[in-house]
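Each of the next two complexes has chain A plus one more chain, namely chain B in the first and chain C in the second.
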Partner chain A sequence: MKITMAHGSGGKATSDLIKNIFAKHLHNPVLARMEDSAVVKGANIIAMTTDSFVVTPLFFKGGDIGKLAVCGTVNDLAMSGAVPKYLTCGFILEESADTDDIERIVISMAMTAIEAGVIFVAGDTKVIEGKGGIYLNTSGVGFLSGNENISSANCKQGDVVILSGNLGDHHATILSARMNITNSIESDCAPLNEITKKLLENSIRIKFMRDVTRGGLATVLNEFAVSSKCCIMLQEEHIPVLEQVRGFCDILGLDPIYMGNEGKMVSIVAREDAQKALDIIRSCRYGENAAIVGEVISGEENTVLMKTSVGGTRIVPELFGESLPRIC
Partner chain B sequence: MIDYKKFLKEYDGRSIKIMEVCGTHTAEIAHNGISGMLSENINLVSGPGCPVCVTVTAYIDKLIELSKNPNNVIATFGDMLRVTGKSQNLNDVRAMGADIQMVYSPMDMLKFAAADKTKTFIFAAVGFETTTPVYALLLEEAIKNGITNIKLLTSLKTMPAVIDWVCAKKGGIDGFLAPGHVSVITGSQIFNEISEKHNIPFAVSGFNGEQILAALCALVKSCGKPNVINLYPSVVTEEGNQKAQKLVEKYFSHCDAAWRGMSVIKNSGMMLKDEYLNFDAGSVELITDQVHNPKCRCAHILIGSLKPYECPLFGKECTPQSQQGACMVSTEGSCYNYYINKR
Partner chain C sequence: MKITMAHGSGGKATSDLIKNIFAKHLHNPVLARMEDSAVVKGANIIAMTTDSFVVTPLFFKGGDIGKLAVCGTVNDLAMSGAVPKYLTCGFILEESADTDDIERIVISMAMTAIEAGVIFVAGDTKVIEGKGGIYLNTSGVGFLSGNENISSANCKQGDVVILSGNLGDHHATILSARMNITNSIESDCAPLNEITKKLLENSIRIKFMRDVTRGGLATVLNEFAVSSKCCIMLQEEHIPVLEQVRGFCDILGLDPIYMGNEGKMVSIVAREDAQKALDIIRSCRYGENAAIVGEVISGEENTVLMKTSVGGTRIVPELFGESLPRIC
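After this line comes the complex of A and B, so read on.
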């Protein structure tokens, strides 16, 4: 069935859509009340975030826009040390969007939510004119105990940079799909709250945690270097990148450290805790390829450097503009 | 390998300048941090080998003019979107509603053109010997399939004439890291004549850090002697890709060409042959060059007589966010690379 303006009218078509797809797959006692707002149990300190998703194509190897919408918000909550709890979801549907596609997306959201331990407590649907596009927004609330020990203020020389796995998989997957290139690369789209939870439970002294999304590792670390006035030295040969992704990047003139990921995080931890933190991350479902990729050094403040594989050193700047494939 | 590195770091002979001609070499040298691995007597200079960087302002303005016709769709490689003409770039006009598509392969044009016959699809056909065969192939396929709504706005350049021009300018270049991609098509032989004429060595090199270091080492050792050293024999032969050369000759002929900031260089370009001018979108008019900011030193930077930071605009009016000269636009441009890598 195709979406029409009637599905956004608030009448029978809307309630059928909600009943047959959204409520059917995302059901839980809170959502079942179908009130104007969800009333839920809380915590003294909460983390709250929101994100919108406009990816093309909607379905790609390793995920889809629904999985992305859950993971994106769950990961943003997790990076602040929170335990993700509640999500809301807004669907903006263009006329002629396919309800089978919508259902596939909602099922994917439901499965990812179960894995991440969150529930959907509220939702909304709007229909607009267009050509069948589907856009999502998710907001999320996570609980904090107040004892989470994440502070960049005491970042110091010798602190260690740990990356949770291979870079560039998601970006390369999306580009491959758009360019009709067949390869074995899959998106890394995944919830990372198991990793953050275990790091915190084991009292790792975390100076910084961030999911490595748009702008890539280089951009995330530059933001940290500037905010904490430090210098980071990365080791090129220790940065994990899948062989297929590296080949793909070489052809298009892209650099994996600037590519977006949807299931990778970088953390900076006290040197004494580095091995323990690495072991913890590697023991988690989405951290098996984790690696120590660099450290905080005494050097020019606000700077990220890279020791290159051939033995040179270069500055790793933040991303300027859009990462455009080169011409030859 | 350690020997190359040691040799290049400890070289204490006379001060020499080596020009890397290809933009991809420029980017890889920066990416691998190679400058810092060399003795201070070995200086690397970026040459005019980035096709986007050498494209004249008038070309961009022509593309912008064409994009304002609602019957036209402009297709281009990504880097070209950011190059500013007199006052605007293609990103600006796209934001105002012009139909501008970024593509990864010119061959995509065939699909676009077949799908919408009411529009004319104009490809921003810039490039060196490496890219020109693809445009020839595009025309070959278009003609074969009876597709007539494809046109090229060409700004095609060839390497030997511009390298000869750089040598004649006597910027003090002692050796050339020859463009690997171009050599795949042309063969390493195209450098023989210039090498002899100017007593300068050429090393045809691949693009990874180790390959570049090996080529630099060979060049330093050959300084002052004519020599064409092929260190990329796995893909570069003496004669090159003759099939591609024949295809290019079928559709294109040599012509004088305007290079940004470097004026018109004799016999340094290619354009569509007269019998295929129905595929041309107006390239014939584009024989002049106007530098939009008189303080811009792109021309000197492209021939190696100035380093990017010696341009009065570098890092001030001209940055990757607000480019004045073309060398700051492309990720292969020498100013862009100097700026972001503080090379």
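After this line comes the complex of A and C, so read on.
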């Protein structure tokens, strides 16, 4: 069936869409109440986040817009130290969007939500004119205990930069799909809340955690360097990149540290805890290829440097310009 | 300035847009931390909601998409009995959207947030191809004490239906703008959380509260009739409609009970509390024209009926079809 403007009216067509697709697959006792607001158990300290998703194509190797939308919001919550709990989803559908595609996306959201341990508690659907595009917003709430030990204020020389795995997979997957290139590269799209939970449970002294999405590792670390007034030195040869992704980048002149990922995080931890943290991350699903890729050094504030594979040192600025549009 | 794909990259252009428009006008200590997730004080019971906004035109008499986005989410939270606290906003911008328009919208969001007593704690921006369209998602969290006295399970014969004011203003405003009709009609777009707060503070026995948006009063009451298995009788002549809106509807063959509003709510309260509730609502801003418009009767379950102005009785079904597309 094709979406029409009537599906956004708030009347019978909207409620049929909700019943036959959204509620069917995302079912849980809270959503079943079908109220405009969900009333749920809270916590003394909560984390809140929002993300919209406009990725094209909607379906790609290793994932789809629905999986992406759950992982993106779960990961933002997890990076603050929170345990992700509740998600909301807002669909903006273009006229003539296919309800079979929507159902596939919603099933993917439901499966990813189960893996990440979150439930969808509220949703909304709007329809606009267009050519069948599907856009998605997920917002989320997570709980904090107040004992999370994350503080960039404590950042100091010797702190260690740990990357949870190889860079560039998601970016290379989307670009390959758009260029009709056939290869074995798959998106890394994944929920990272098991990793953050275990780091916190093991009292790792974390100075910073962030998922490495749009803008890539270079942009994320520049933001941290500025906010904490420190200098970071990366070791290029320690940054994990899959061989097929490396080849893809070489051909197209791409730099993995500027490429977007959807299942990778970077953490900066106290030097004494670095090996333990690395072991924990490697023991988790999605953290198997984790590596120590740099450290905080005594150098120019607000700066990210990189020791290159050929032995030189260069400044690594944040991403300027557009990178790959609509990667998430 | 015109929006380009670079503004959605997550790099420098994105952060400039955030700094120069979003953070500038929505500034507060939480947002100032510029984290992907906001960490805030919570509560034992919370309400969560989400809504996307695709209204066209973006600016209309009495409001704009930004004011709408704040009121819509604040009102959904308020109707659950919650005190609205935190909002997030996700912008989906089409290429060539005007940053002056975006700034006007964000200023409007900021002013409405102040009136409603909420703060924006997190945001996101994505850019898609297109012709300058602006779409907006707001999600929100509100706090409940657990002592809110709202229960549709207690709904019984004699309960009274109170409408907080005149119907049809927003719908008629949007339609007038699209048809290039000049008249004095203005959108009713407004936050209703003062009304819900006062009703709860005064221990009114509330069976149901809902803002009357897409689908209109008819659809909202049908949903309630079905969920509570009751029968509602409306009195057509008691339903307030402004004279100029009535004239507009007569000419176009529109029925105000199916028209969308953005600053109206309907409540169903115990008969003994009806006059007190009406007085409270009338004492609040945006509730001055409140009226008792019907009651729960002993009749066919799941049904809404209306005693018409000419003395007959008719069944009032929910909205079927599309009504006015992109009204919010």
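Keep in mind that, in the parts below, the second predicted complex is superposed on the first by the 323 of 328 C-alpha atoms of A that agree within 3 Å, B and C clash if a C-alpha of one lies under 4 Å from a C-alpha of the other, contacts with A are read in each partner's own complex, and residues count from 1 in each chain.
One rule holds in what follows: a contact is a pair of C-beta atoms (placed from the backbone, for glycine too) under 8 Å apart; a residue touches a chain by one contact, two chains touch by 3 or more.
The structure presented is a predicted model; accordingly, all values stated were derived computationally and were not measured.
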Which superposed partner A:L252 touches (first chain B, second chain C, both, neither): first
If touched residues of chain A are counted for chain B and for chain C, the larger one: C
Which superposed partner A:M306 touches (first chain B, second chain C, both, neither): first
Touching partner for A:I92 - first (chain B), second (chain C), both, neither: second
Partner chain(s) touched by A:V266 [first = chain B, second = chain C, both, neither]: neither
Touching partner for A:R314 - first (chain B), second (chain C), both, neither: first
First (chain B), second (chain C), both or neither touched by A:L199: neither
Set of chain A residues, in rising order, touched by both chain B and chain C: 320-322, 325-326
Interfacial residue positions of chain A with respect to chain B in the complex: 179, 252-253, 255, 306-315, 317, 320-322, 324-328
In the complex, chain B residues that touch chain A: 5, 23-24, 27, 30-37, 50-52, 77-82, 102, 104, 126-128, 130-131, 181, 209-210, 213, 320-321, 330-332, 340-343
Contact set on chain C toward chain A in their complex: 4-6, 8-15, 34-54, 76-77, 79-82, 86, 88-92, 121-128, 133, 135, 137, 139, 141-144, 210-211, 213-215, 219, 227, 260, 318-323, 325-326
